[in-house]
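I have a structure I would like to understand better, so I am pasting it below and will then ask my questions one at a time.
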Amino acid sequence: MQLHEYQAKRLFDVAGIKVQTGLLARTAKEAARAIAKLTPPLVVKAQVHAGGRGKAGAIKFAQTAEEAQRAAEDILGMTLRTKQTGQAGLVVKSVLIVEASDIDSELYLSIVTDRASRGPMLIASRAGGVDIEETAERDPDAILKFEIDPVRGLTDHACRRVHFFWSNGTFGMKDTAALLKGVYDVYMRSDATMVEINPVVVTPEHELLALDAKVATDDNARFRHPEWEAWAKGHDRDAREVEAEQHGLNYIKLPDGTIGCMVNGAGLAMATMDVIKNHGAAPANFLDVGGGADVEAVTAAFRILAADSDVKAILVNIFGGIMKCDIIAEGILAALGSVKLTVPLVVRLEGTNVEQGRRIIAESGLDCETAVDLSDAAEKAVAAAGA
Amino acid sequence: MQLHEYQAKRLFDVAGIKVQTGLLARTAKEAARAIAKLTPPLVVKAQVHAGGRGKAGAIKFAQTAEEAQRAAEDILGMTLRTKQTGQAGLVVKSVLIVEASDIDSELYLSIVTDRASRGPMLIASRAGGVDIEETAERDPDAILKFEIDPVRGLTDHACRRVHFFWSNGTFGMKDTAALLKGVYDVYMRSDATMVEINPVVVTPEHELLALDAKVATDDNARFRHPEWEAWAKGHDRDAREVEAEQHGLNYIKLPDGTIGCMVNGAGLAMATMDVIKNHGAAPANFLDVGGGADVEAVTAAFRILAADSDVKAILVNIFGGIMKCDIIAEGILAALGSVKLTVPLVVRLEGTNVEQGRRIIAESGLDCETAVDLSDAAEKAVAAAGA
Amino acid sequence: MAILVNQSTRVICQGITGKAGSFHAAQCKAYGTQMVAGVTPGKGGEVVDGIPVYDTVREARRRHGADATMIFVPPFAAGDAIEEAATAGVGLIACITEGIPQKDMMLARRVVDDQGVRMIGPNCPGVITSEECKIGIMPGYIHKKGCIGIVSRSGTLTYEAVWQTTQLGLGQSTSVGIGGDPIHGMGFIDILEQFEHDEQTRGIILIGEIGGDEEERAADWIASHARKPVTALIAGRTAPPGRRMGHAGAIISGSSGGAEDKVAALKEAGVAVCESPTDLGRTMKEQLS
Amino acid sequence: MAILVNQSTRVICQGITGKAGSFHAAQCKAYGTQMVAGVTPGKGGEVVDGIPVYDTVREARRRHGADATMIFVPPFAAGDAIEEAATAGVGLIACITEGIPQKDMMLARRVVDDQGVRMIGPNCPGVITSEECKIGIMPGYIHKKGCIGIVSRSGTLTYEAVWQTTQLGLGQSTSVGIGGDPIHGMGFIDILEQFEHDEQTRGIILIGEIGGDEEERAADWIASHARKPVTALIAGRTAPPGRRMGHAGAIISGSSGGAEDKVAALKEAGVAVCESPTDLGRTMKEQLS
C-alpha cells in the first residue's frame, strides 16, 4: 500500500524525523481552521498518489492566510491528471497545509527493498527535488547506493558514509545520523518496501527537514499492522478490486480491454493476457482464481466479470492439476448456475482428465465454446468479442 | 559488577519477568514498614554477594509478620561467612523481603557470555535450585546449552527449543518465550555478562517466576550506564581498590601477602606474583601501573603500597619499552620524593636503556636494591621482607 | 541423476497438522517421497497419515535424519520456521507458504545463507524429481521421468510445461518452482548451474515473468556458461506498470522489470523464447532434435 | 617471510588525530611501516606527521589501497570502527583500544567473520614483523629480525620475550599480541598455524594467562599439528579466583580458567613451560639447539 504524504509524515514524526508543521484538511472549513492555527507563508499540497503534483497545480505556495484558503479551495475537489494517474485522473479529497520553510539546499534519501541483494538498499543523492532516475543518468557521481544488512541494522559508520558524501559542512553528523536512523526505523517498523524523502532540505538554520514523504508498505505484513485498515480508507480503489480481494481473488481491472479473463495461477493469467494481445485484442482484466480454482472462487470471479460492462467475451483458462479437469468443469457449471452471463464464453481446459472435463462441458448444453489450446482459445474469444 | 538480588530483580521487572512482590529494607524500621505492606508468609533474604546464603542462615522463611520482623532483625548486621566470602566474611547491610510462593517445580535458566563461541550462550536445566555445575556432572541430560547469535537475537524457534525441553505440559509456550525474551533483553540492554535465574519456579497456577536473580555486568560498558554508579554504592569494596581505580591503576589487594608489587602490564604483574610465590613468599597485591609507567601513576602506586601495613617489602618490576628505562628510573626517584617509604625497596628494570636506568638509581643514593632479573628481584624482596 | 532431490531424500513437513500441510504431506508420501516426519510445535506425539509429528525440527531430525523440509507454516510464523530448519541443519528447504512479509524473508535469508542451506521459495509449488521425490503441491501424476529440467517463477505455468513435455515423451529430470516472491531462495542461475552439470538433463525450460532482473542475469549466465538448449517464456508482456500481478514479485517498477528487456536479453543469449505457454514443449523438442 | 604483515603492507590508522593515535602512527612510520593514511570522522583533509587524514576508511582505502588498519578509536566507538574497517574491505585489523564493551565486540566479531577479515585484539599491543612492519604500540627498537614467532595475551610479557630473544641473538619473525579481552579476534591456534607454515619461524613462544580455555585448546592443536618447538609461560598461577587481573579476560570463573590446567595441558603436549618470564629466551634457545 502506498501511503499518503500526511500518513507517511505521521510515521516520520514518531521516528523523530523533522517535518514541517502542518495540518490535514478535507473541506474548505477544515482548511480555514487549519490555516488559523498555522503561521504563513504556507504551502497547500494535494494528498493524492501521483508524482508531478507541483506541475499539475496541486501544490500551491501561499504568502498569506487568505491566499492559502483560496489555494485549498482550488485544490480540494480538483481532478488531477498526470502521467501516473492516467486519463481518468484522481479527484483530490484532502490537502496537507504546512508552514513553508526557507531552503538552503536540497538532498535526496531513500531506503528501498532491493530484490537483487535481497535486503534494504540505501540511496542518497546530493541532488534533491529531482527524479532519482534522472539524476542517475545525468550525474551518477551525485548518487551513493549501498546495501544495509537487515540483521545487523543501520550502523554508525554507514551513517557517516552518507554524511560525508552529503555534507557541505553546514549540518552535523548527528543530524544526518538521526535522519537516517529515523528513516530506517520507519522502514523496518512499518514493514515498508520503500521510504523516500525527496527532497530532504537543509534550512538556513542547518536543520535537515523532510519536505516530502513517500512510504510504500508490504501488503503481506498486514496481519501485524491493524492500523493499515483505517489508512487504506483514504485511498481510491477500484470497487471490483476491493470485492475480488474479499473473495481471496487476485483481480486487476485493465483499461481499454474487452476480453474478461479467468485463469488459475498468476503466471498463467499473465500469459493468457499476453496471448490475447498477440491476437489483436486487449484483456479487460488480470484475474487469478488460485491454483485450486474451486467453486466459490470461480463463482465470485464470474460475478465480477459479468458486472464489467467493458467485457465483451470471457476467456476461462484453467490448468487442472491437483484439482482435476472434470472437477473444474463441474465447478464452472455450478458457478454458472448462479451467475447469468450475457457475453460469449470460451473455455480452455488442460491437464489431468482433460477429456472428461471437455466432455462434461460439451454435454451440459452450456452456451460456450471449448478450445484445444490457449492460442485457439484467444482466437475464439477475440472473434466472439467482435474486436 | 555483580548486582544485588534486589537490583537484578528491578531489571527483571522492567523486562516483564515475573518476580515475587517484595521490598528492600536497610534497618529494622524499614523492615517493619515493608512487612506491613506485604502479605505473609514471607521470605527474608540477605542482600550480599555470596552463594550459599540459605545454608548460612541468611535466608529465612517466616509464617507471620512477627516472625518476618525477627528474621529481618537477625539477618541485618550479621556477618556472613561462606566458601565465597572468605574468612573475613561480609556484613549484611540490607534484606529483601518477599511474599513466599507455592512451588510446583523448579527449573534453571541463564544466559552468559561464552568466550569460546564469542557470544551469548543460553543454559537451561530441568533441575532448578541446585548448582548448575553439579547438575552438569550428575545428570548432563538435564541440561540444554546453545549459542545465540547476538546479531540475530533470540528467535522464536530458540524459545520453543527451551520450552519443549522444559515443559511438563503445565505452562504455555508463550510463558516460556516471555521469560526467555525478558532474560535476553536484560542481558543485552544491561550489558550483562551473566543473567542467571536459579531457580525459575513453576507455581501451582502454572506461572513462571524468577525466585532468585543474579546479574553480572561488563565494567567496560560503564560509560553508557550512568545508573551503575548509584548501584555500586550498595557494594562492599576495598578502599585502596577504589582509590587505585581513581588513579587509573589496576590494583587488587590479596590476603596474607607481604611483598607489595608494582609492575607495568597485567601479564607481567601476574608473572611477578607467581615468581614471588616460587620464592616462598606471597604477594600482598596485584598492581599494574599501565604500559607507560609514568610519574603520576608510579607516585599513586607508591602511596597505596606505603599505606598497606601488610607490606613488608616492595618489589618494582618495570619493562622499559616506549618509555625507556632511564626515564622510568627518573620517574621512580621523582615519585619517591613525595612518598616516604618505611619498608625495603627492590627495583628490577629491563628493556631499552636499562644500563642508564640502573645507574641513575644507583647514583641517586636511594635506599634500594637493584636486581638483574625477576628471580633475583624476588629473592631479594623476599629476604628483605624477612619472610 | 536429476538435481536437488531423489528417491533417497528424507523429507519432513513443517506445519503438517494444518489443512494444506496434512493434505500435501500425504500426497507426497503417496507419490513415493520418503516423508519421514512432521513438525508442529505443541503437537509432538501426534501422527498424521502414518507420519510421526514432533515439536521441533531438531527433534524430528535427531530421530529421522531428514535432508529436506517442506514448509506449510502460516505467513506470520513461516520466516521463523525457515530459520528453525536452517539452524537445525536441514540441507534443503522448500517453503510453499504464500504471503510471508518481506522483512521476515530478508532476515531468514541471512540465516539461510550463513548456514549454507539451499532454499526454494517461498510462494512456490516446490521441487519434484519425476517418479522419485515430490516435495510440494504440484500434481504428481503429470510428471514423467525424462530429460527436461524446468525452472519457473510460476506454478501453473510450470505444470503446463510439465504436461507438454510429458505428452511429447520428453519427460522431466527435475522441476523447480523458485517462487513468485521478490525475496526468495535459489534463483534461476543456481538452478541452471545444477541442470548444466546434471547428466540426466538434456534441455532446460525457463519460465520467467515481469519484475526484478533475474531473467536478465540468467541470460548473461546462459550466454557464457550454458551448453544445453534453453527454451523460455516470459509472462506479463501486457501487464501495466506499478501493479502487482498476483505474485508479490511480479511488478514493473519505474523503468525496470518489464518483459521486453527480459525477452531481448534471453534471445540475445540464444534462448528460444516462446510467445505462448502452449509452445513450450514443442519448442523444446525442436531444439533437442 | 614472517606472518600477517611485512614491508609491503599498506597501513591506515583509525583514530589518528587522538593523542595515542597520532603518537603511535608516527612511531610506526618511523619504524618503516608504510603508514599510508589516517581516519578520523570530521577531520578529513588534515595531515598528521605527513600522513593524510580522511573521514572514512572507505575513502582512505580508495585513495591509498590499504591492507591493514591500526585502531586507536576510544572504547565507545571502537566496535563500530572495527565494523567500518571490515565492511570497507580492509584485510587485517589490529585493534589496540582497551575497554571496549563485550557486547560491542560480540557484534563486531560477527561482521568481521562474515567479511572473512583477520582481526588482532582488541586490548593488545598489535603485531610486528621485526625490521619490516610495526602495527601497534610495542617498542620497535627491541625487535630484531630472526627466527622466533611470539604469540601472547599480554603486552609487557611479550616485550620480555622479544627482549630476551633479541639479546640471545635469536631474533623474531613476527610477534603477535592477541589481546587480553575475553572476546577477541585471532586466537592462539590461528597464529600457531601460521607460524607452523612460515619458513622464517623456527621456534614459537606462547604466552598465556588465566581465564578461558584457549591455552588448553592450543595445547590440543600443538599435540597433533606442531612440529616446531614451543616454549610457553602461563601468568597468574597465584591469582585468586573471581577477580579480574587487569585484563578483562584474566579471570578464573568457578572451576575453569585456572593456570594449573593450562600448564598441565601444555606440558602434556610437549611444550616447555617456564616458571618465570626470565626463562623464556633461554628455554627457547635450548629447545632449538
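In order of appearance the chains are A, B, C and D, and numbering begins at 1 in each one.
Simple rule for what comes next: a contact is a pair of C-beta atoms (placed from the backbone, for glycine too) under 8 Å apart; a residue touches a chain by one contact, two chains touch by 3 or more.
If you're wondering where the values come from, they're calculated on a predicted model, not measured in any experiment.
The chains that touch both chain B and chain D are A.
The greatest centre-to-centre distance from chain A, using averaged C-alpha positions, is reached by B.
Comparing the chain pairs A-C and A-B, the larger number of C-beta pairs in contact belongs to A-C. Between the CA-based centres of chain A and chain C the separation comes to 27 Å, rounded to the whole angstrom.
If you average the Cα atoms of chain C and of chain D, the two centres end up 48 Å apart. With centres set at the average Cα position, the gap from chain A to chain B is 58 Å. Centroids built from CA atoms put chain D at 55 Å from chain A.
Counting partners per residue, chain C has 107, 110-111 as the residues that reach two or more other chains.
Residue positions 151-152 of chain A are each in touch with at least two other chains.
Taken as a contact graph, the chains fit none of the simple arrangements: neither line, ring, star nor complete graph. According to the touch criterion at the top of this document, the contacting chain pairs are A-B, A-C, A-D, B-C, B-D. Per the touch definition, chain B reaches chain D in the complex via residues 84, 113, 115-116, 118-120, 133, 149-151, 188, 191, 193, 218-221, 223-224, 250, 252, 254, 263-271, 273-278, 282-283, 286, 288, 291, 319-322, 350-352, 373-375.
Contact residues on chain A toward chain B in their complex (touch as defined above): 151-152. Residues of chain D touching chain A in their complex: 41-42, 44, 55-59, 77, 80-81, 83-84, 87, 107, 110-111.
On the chain B side of its complex with chain C, the touching residues are 149, 152, 155-157, 160-161, 164, 173. Interface residues of chain C, counted against chain A in their complex, comprise 27, 75-76, 99-103, 105-107, 109-111, 125, 137-139, 141-142, 152-160, 163, 180, 182-184, 207, 209-214, 217, 233, 235-240, 242-250, 254-255, 259, 275-278.
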